[in-house]
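Common to both upcoming complexes is subunit A, partnered first by subunit B, then by subunit C.
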Partner chain A sequence: MAEALNGNRSILVVGGGITGLSAALEAAETGFPVYLVEKEAYLGGRVARMNKYFPKLCPPNCGLEINFRRLKNNPLIQTYTMTEVEKVEGEEGNFEVTLRTSPRYVNEKCTACGLCEAAATTEVPDPFNYGLKQVKAAHLPHEFAFPLRYVLTPEVLGTAEAEQIKAACPYDAIDLDMEARQMTVSVAAIIWATGWRPYEAEKIAYYGFGKQQNVITNVMLERLAAANGPTAGKIRRPSDGGEVKRLAFIQCAGSRDENHLPYCSGVCCLASLKQTTYLLEQDPEAHATIFYIDIRALGRYEAFFTKVQADERVTLIKGKAGEISEDPQTGMVTVQVEDQATGKILRDQFDLVVLAAGMVPNSPTVSVHNTQVAHDESGFMLTSQAVSGIIGAGCVKQPVDVATCVQDATAAALKAIQSTCRR
Partner chain B sequence: MEPKNVSLEMRDYIAEMGAETINWCMQCGLCTNLCPWRLVPGETSDGFNIRHMQRLGQMGMEGFEEETILFACSTCSMCQSNCPRGVKIVDNVRGMRASIVGGGMAPAHLRPILGSAHANGNPWAGPREKRTVWQEGLDIPQFGPETEYFLFVCCHSCYDPRSTKIARSIAALLRHAGVSFGVIGAEESCCGESMRKMGDEELFLKLAESNIELYNGKGVQKIITTSPHCLWTFKNEYPELGGEWEVIHYTALLSQLQEEGKLPLAKSLAKKTAFHDPCYLGRHSEIYDAPRQLLSSALQADPVELGRARELSLCCAGGGGRIWAEVPMGERFGELRIKDALNVGAEVLATSCPYCLNMLTDACKSLDQQDSLEILELSEILAGALEEGQ
Partner chain C sequence: MEKKTGVYICTGCGIGDALESAALTKVATGEYKVPVCKEHPFLCSAEGAALIRTDLEEAGVNTIVIAACSPRVMTDVFDFGADTVMERVNLREQVVWSHPANDEDTQMLAEDQLRMGLVKARDAEPPEPFMAEDLSKRVLVVGGGLAGMTSANEAAKAGYEVVLVENSDRLGGYLKDVYKLPPSQPPYEELQESNLEALTQEVNNQPAIKTYLGVQIEAISGAPCMFDVRIRQNGQEAAERVGAIVLASGSVPYDPNKLLDLGYGKVPDVVTAAQLEAMFTTGKVTRPSNGQPVKSVAFILCAGSRDPQHLPYCSAACCVESLKQAKYFKETDGGMPVYVFYKDIRASGNYELFYKQLQKDGVFFVRGAVTAIEDDGSGGLTVLADDELTRSPIMSESVDLVVLATGMVPTTAFGEAFKAQAPKEGDEESVVPSDTILVSNILNLQYRQGPEMPALQYGFPDSHFICFPYESRRTGIYAAGSVRAPMDYARCTEDGAGAALKAIQCVEMVAQGRAVHPRVGDQTYPEFFMQRCTQCKRCTEECPFGAINEDEKANPLPNPTRCRRCGVCMGACPERIISFKNYSVAMVGNMIKGINVPEEDEEKPRLLVLTCENDAYPALDLAGIRRLTYNPWVRFIQVRCLGSMNLVWIADALSKGIDGILLLGCKHGDEYQCHFIKGSELANIRMTKVQETLNRLVLESDRVRLEQLSIADYERLPEILDGFADRVQELGPNPYKGY
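Right, the complex of A and B next:
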């Protein structure tokens, strides 16, 4: 019936994180063809890099696996990794979108056998693990990567090493001459689900992130706690691999601050509360302290907050931490804070300090007929757009948790479907 | 604990005196933690908590007016520049001080300073006619209708013998670069920046109005300041009183001239040199690169950076009237700054503010480190590089 109204029933989903995946599946399972494009070499986005969800403390990989199976079983979804939107033309019901795919230098013949990785010698910081470890120039983006295919970093192109890597592959899957490709798709609607990135914590100069090894961000702690992370799930001090007995969280590292992010990032309090449980599970004798301005645990999350708060190994102190300094000899990090309950200046030492860095939206960068896809002053995409048929979903619209992203994805899928049959 | 009363009248009065943003504070305490007073021990450090002081102001409660609390802040802006709510903390300190000083209750040690500024137009008890003594033998041009820049020399560099070298060096550099500049002389008055920070609104107005009338009468359009404090008040406080000029600190002008090729300098200084960012040049005016660029061009090796540099620079403790405060040894920020410099192996600590020069020199002496570390104003180093280059 929709075809009778409109020739184009296809939907483009930009972003293959939890929001984009969910929107793509919802639309496709309703019978609409979907192009799903993802900038990275794998699907799953930020969620793939997380250890556990709050408040249930279950692993995100389980839900991702179910989604990947749904995706594999659905012939209506075409997935393109390492692909970004270059240009959008047309109008609701009839967009022409130019996509650009960066070269992966590994083709579809790859069986993920790993011989290329064994042949590589150059190492680069692993972006999946926020640089907490190095990876070989030929590597699988991560253990559970979907699609399960290796990728070659362009740094080694033109070297003898690249030739060795190519020679090591028994399947002729390494293509050193691969070039960027452009393609055009016709779609009725575009769901924009490009998500977020952590705030650059080094911009908060007085916290010394990037200069002090035992000061890390909350996303990095997810990797340290994850079984497929750089430390096989053991939370250790980056400086010397030492034990973490005393862990501190600095809330609002960037958020609620006019000099950085003027908004509350919404999830960091719950993330830190969750992360205290990682350490206490690993070491029942350990202790965690959360320095906060206000704990924001909305709705039913209040129960999770009170549960963590009741644990006597967790201390919550109201006060925004000032300077953080690491002793180069011992690696211990001193945090200074004014306890707002007592007015006392506290100076305490920790093995590891986690900055609860805020969420920064990956704002839409395209325009349609000179009309820029609209966002607010912080970069969050607006719900109401001048060009109909371009629909934001998830963290690109507002800083929210995974459950809210999935709900928003479903709503976006319905709106996109409406675009396919609206005159 | 004896009960204290909330006074909305007092709160409103404080806000009226300049603490307009005092109610924006959300009590996170970042200000107190970033305050340089946390880095030293002692009575003032124990008693002075900037968040708490503003909280008292918010409620109009007594307890803030004690000298060790109300007059402790050096207005370095470390807190203000980082405040998550954009609270104008320095204005709040000024407003709270004004609510006390305006009632004739200035602290005893500041009265002679304020008195001298009233009587002589400078806080250094120097007679007006001696304002031009620094110029002796230099043939400094008078500002006239044909002159492009009026050079305003900070009172400190007019009267303090050590500091006069700054004025002399800057004049030599300007002359060498072919800048059209002149001074007015004995009729000039103190810019009043520190007087206002100490809470004397009336005195500030008197000084500012006298300067504005004088400069406008002479046809001043552009001003070069030697001190970042004069720069800041001319730029930020004078315009609403009728003093609207193009104001530039000497470092910014010289770095422009250098880029234009008008200030060739020889890389003459061989000593390992670090730069201390003055609060009023750095955090208050956001000038970080110009002095470094100038310094680099006069050094044989690259300058070394202090641990706390640029926007994290540690105050010398000379702003906000603190240059006149008596502080016990071991509680002086300047001493920490000397240690910062020694820690990076510096043999020279350069700065570009007369107050910083004064405070750092004193601190270096009190730590008995004069033989290891020389304190110089940037202009002196540059002028030295000129002579050798000629």
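Right, the complex of A and C next:
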């Protein structure tokens, strides 16, 4: 017992997005054993679904590739996908954490050869692509997926198709009887890096998201612009696959709004500026309009803002959009805005309208000895926690960009290491 | 150690169906006389791995070649320890998944890839890590402000000794004159007390921290785990040995004397934000002109920032700082007129709630560009601006005080640009793009490439990488706080802790003889065969990390613990005297020579493709996963970085009869994506030179091409590879073929 109290050097990282992945690597490369758990079937989180990063317009998979290589080379990290935290007991230096792994129905024998996918017929909406496309019941979460291993959706369990899929695998990797598993790990500290999700844009009734096909959210546009996305990177109108000549961005869709998210989501301005380049690069004749309150391009990002702003094909209008309505005949979307520069009500038509939906933290739900992991009213985890040894990092703590997430993850790794030597 | 090689060919995942594995075995056992060669239908299974392990343990095999899937996958299964030389030949993603099955060209590709793998396994040696002598794991923190103190404190709390140096005679940095802090806790509406006192006390009470005040760093020599620091204090000198360094020298407010249009220096009641902060800390908030209390105030945001004439960047913290100062006044007198002139209010995250609170408090926010600040004749000041909302010139009521929110200038942005010694007569002018290093007299590094950290943009020694914000171009030295990038207090605190972790991590890795990011854990390092060195200085000039010093005779003095193992020096060396245990000019040359080049009349051109391990190689795997197909004349060699390409490889390839050489590397230029900073660009410069030579030899320069490719560009690979093959076919066979 004394050894458990004094000698536990392990760290649990909850969330395998860019923050959790970075925190796990930074701690392990300093010499500390890490359990990295992720609820999805692959690591990379939200950034894996991004097309490019601002301001460099470089692909997120480039950095993920390096991180995955770091992870593969580091024997101190144990990764568990499709796994969530069920219970936390104990205290700093000696937490007992119960983890629950959902069945993947594909075991470690999978070589990613793809024969199961070829045998599958049922199609389900692809969660990776926000349902913008269908995938087979047996599928690779996406081609950059790490681990490179297939998943089987539970929808086909108990059908003849499931048996066919199983029979198609020459490596005995399909396990239709796989059950959820529980395991307990003993760790000195827990880094909570469960990230964020986009604000449910349906809640902003006057924008008509969910009812109007050509009104989409910014995360969806990332997929439409991605070469491995549902449209092979061509930005098209969802209603009819038509060309997008006029694109509008509605900033602060949910953010800075007491009826929705009172805070500023920090990254949406830059994300929209970046997304204008997606379309304009594809179609030099196209045009993009951004309706905004303030353009928040902090620090060196100012240069990126200046560059996009200088493009004649980009119009920036200060004003918060009121109503958005789509013509069912033509699919054209009308945006109504009060232009604060002129005081006039503008009504303009676009092929596609993108809601710059804000970030909502995936707040921790666990408690330790009846003490809830503390967060503010919006759900952002507090820096200072009643239970020491529980450390928030990244977007679960504050709405920030990727570089800040990694910075925070690195700091969190040090805090966790301190927990291992405090006792 | 005598090598005994085992070759293991997997026939699963379609490899056995598409290729003739017996012919592959023949390459191994016949051509290369390998004593052990086995096939397995499912090599990554437990049984398959056991087969290899048994041979390692019982059959005396110590070198293995696995011809199966990409080395990017199944790494846990095929892990036989660092002492076993292992080479993985990618027959799955890059051969059978990208080429037609049972095709002569596919088979030839597979056989050549195997040959190259066999040569590599033959020529590679297990790494022997470089062990530092008299190594130190202490951390030097330069700067005793918020970021520096946090860094020192956090490192000490993790059990590391710290040397903290501060050039003023008190700890605190900018915080010394800060009255209160903006809110970082719910409800995000109230001011917070400064934590300076507590933080200083913590630093002072921490026995692991040795603090030097009122000092200047004279010089830092050495390398990670072996840095020797000379510190000058009151005319005396102290010496410290440290393992890694956190640069937290902070920023200074932009010089307000350059803001004459805003009345600074002309109108006494125009002050800077820092001056106002000092008024509040001393409790004397009065008008400089007459010593009377301030009854009304106007804040001018972006005073010098977001302005191409001054600081083109946004200083990130001033909006919230001004909100905070507006709150000072509103707390004192809720009815006081407070104006804020702004371009955009950048109160991100929960600071938005603070902004809302100040709107409720009755602060007047005016969006517009300030055109002038004038004396209104009655002793007050008026602010003239163009209101962007109403498109009309506007004028504030008369105010007692105008506060300029001046931006941040990093302390590294001062000083002349460093120039490496001018080339001697007869020396070739360096074509290597040099880094911007300003002689700012902070670290005084004894590095051949310059005494301070290379600046990225605007003098900030920030990282160029979004995913790796601490990615430093000087190994073991990590910038933190407002010297790295403009940032607020909360972020400086995190940054200090983050940089401390990187410093600790660096000393731990170096102490094991391992590399830090991005080739983390690599135990090889470049070894120099000095007898053949011609003092050409290319290695010392081209190293992206300043790892190699020079003696007075221009001999390179490598510092292995500064090295990041990219191999740029190896690529630069015309004498080919720089090698790693498992990566050398000769080894790749031998791999190229191992390619089977058909006779001219067979009309089967051969294309050598050098791929960067970070982006191009995985992109090829992705093409395979997507079952994209491309020309089978290609022969791939993975390189650590395109910058490690030595021109002799091009000569080797051309004299071998290879018809074209394609280099696939990362994007270079301002938005470079090369993880070794300049590798891809250097390869491009070298290639331009080789193209000139080719033209002189009447050998078409088009035979050598460099393409910039990111990992996400895999869809473009068929077009690139087929396009290159078409061009080479147009050019006809390499005239040296068969000679």
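Assume the second predicted complex is superposed on the first by the 418 of 423 C-alpha atoms of A that agree within 3 Å, B and C clash if a C-alpha of one lies under 4 Å from a C-alpha of the other, contacts with A are read in each partner's own complex, and residues count from 1 in each chain.
One rule holds in what follows: a contact is a pair of C-beta atoms (placed from the backbone, for glycine too) under 8 Å apart; a residue touches a chain by one contact, two chains touch by 3 or more.
Note that the structure is a prediction, hence the values are computed from the model and not measured.
After superposition onto subunit A, partners subunit B and subunit C are found to sit side by side with no clash.
Shared-chain residue A:Thr30: touches subunit C; no touch with subunit B. Of the two partner chains, neither subunit B nor subunit C is touched by A:Pro328.
Looking at the shared chain after the overlay, A:Lys415 reaches subunit C, while subunit B stays out of its contact range.
By the touch criterion defined above, A:Gln340 lies against subunit B and subunit C together after alignment on the C-alpha atoms of chain A. Within the superposed three-chain model, A:Cys113 lies in touch with subunit C and out of touch with subunit B [touch as defined at top].
When both complexes are overlaid on chain A, the residue A:Gly241 reaches neither subunit B nor subunit C.
Once chain A of one complex is fitted onto chain A of the other, the partner contacts of A:Pro284 are absent, as it touches neither subunit B nor subunit C. In the overlay built on the shared chain, the residue A:Ala205 is in contact with subunit B alone; subunit C does not reach it. Within the superposed three-chain model, A:Gly63 lies in touch with subunit C and out of touch with subunit B [touch as defined at top]. Greater residue coverage of subunit A by touch, when subunit B is weighed against subunit C, goes to C.
Put simply, subunit B and subunit C get as close as 6 Å, counting only Cα atoms, in the superposed view.
Applying the stated touch rule to the two superposed structures, the overlap between the subunit B and subunit C interfaces on subunit A comprises residues 256, 258, 340, 343.
The touching residues of subunit B, when paired with subunit A in their complex, are 26-30, 32-34, 38, 49, 51-52, 81-86, 311-312. Touching subunit A in their complex are the following residues of subunit C: 12-14, 42, 44-45, 69, 72-76, 154-155, 157-159, 184-188, 306, 312-316, 344-353, 356, 367, 388-391, 457-458, 460, 462-470, 485-487, 491, 494-495, 497-502, 504-505, 508-509, 516-518, 520-521, 614-615, 618, 622, 625-626, 667, 671, 673, 675, 710-712, 715. If you check the complex, the residues on subunit A that touch subunit B are 205-206, 252, 256-260, 293, 319-323, 336-338, 340, 343, 345. On subunit A, the positions that touch subunit C within their shared complex are 18, 22, 26, 29-31, 53, 56-67, 69-70, 72-74, 109, 111-113, 140, 143-144, 148, 170-171, 227-228, 232, 255-256, 258, 262-266, 294-303, 306, 318, 340-343, 376-378, 380, 382-384, 398-404, 406-408, 410-411, 413-415, 417-418, 421-422.
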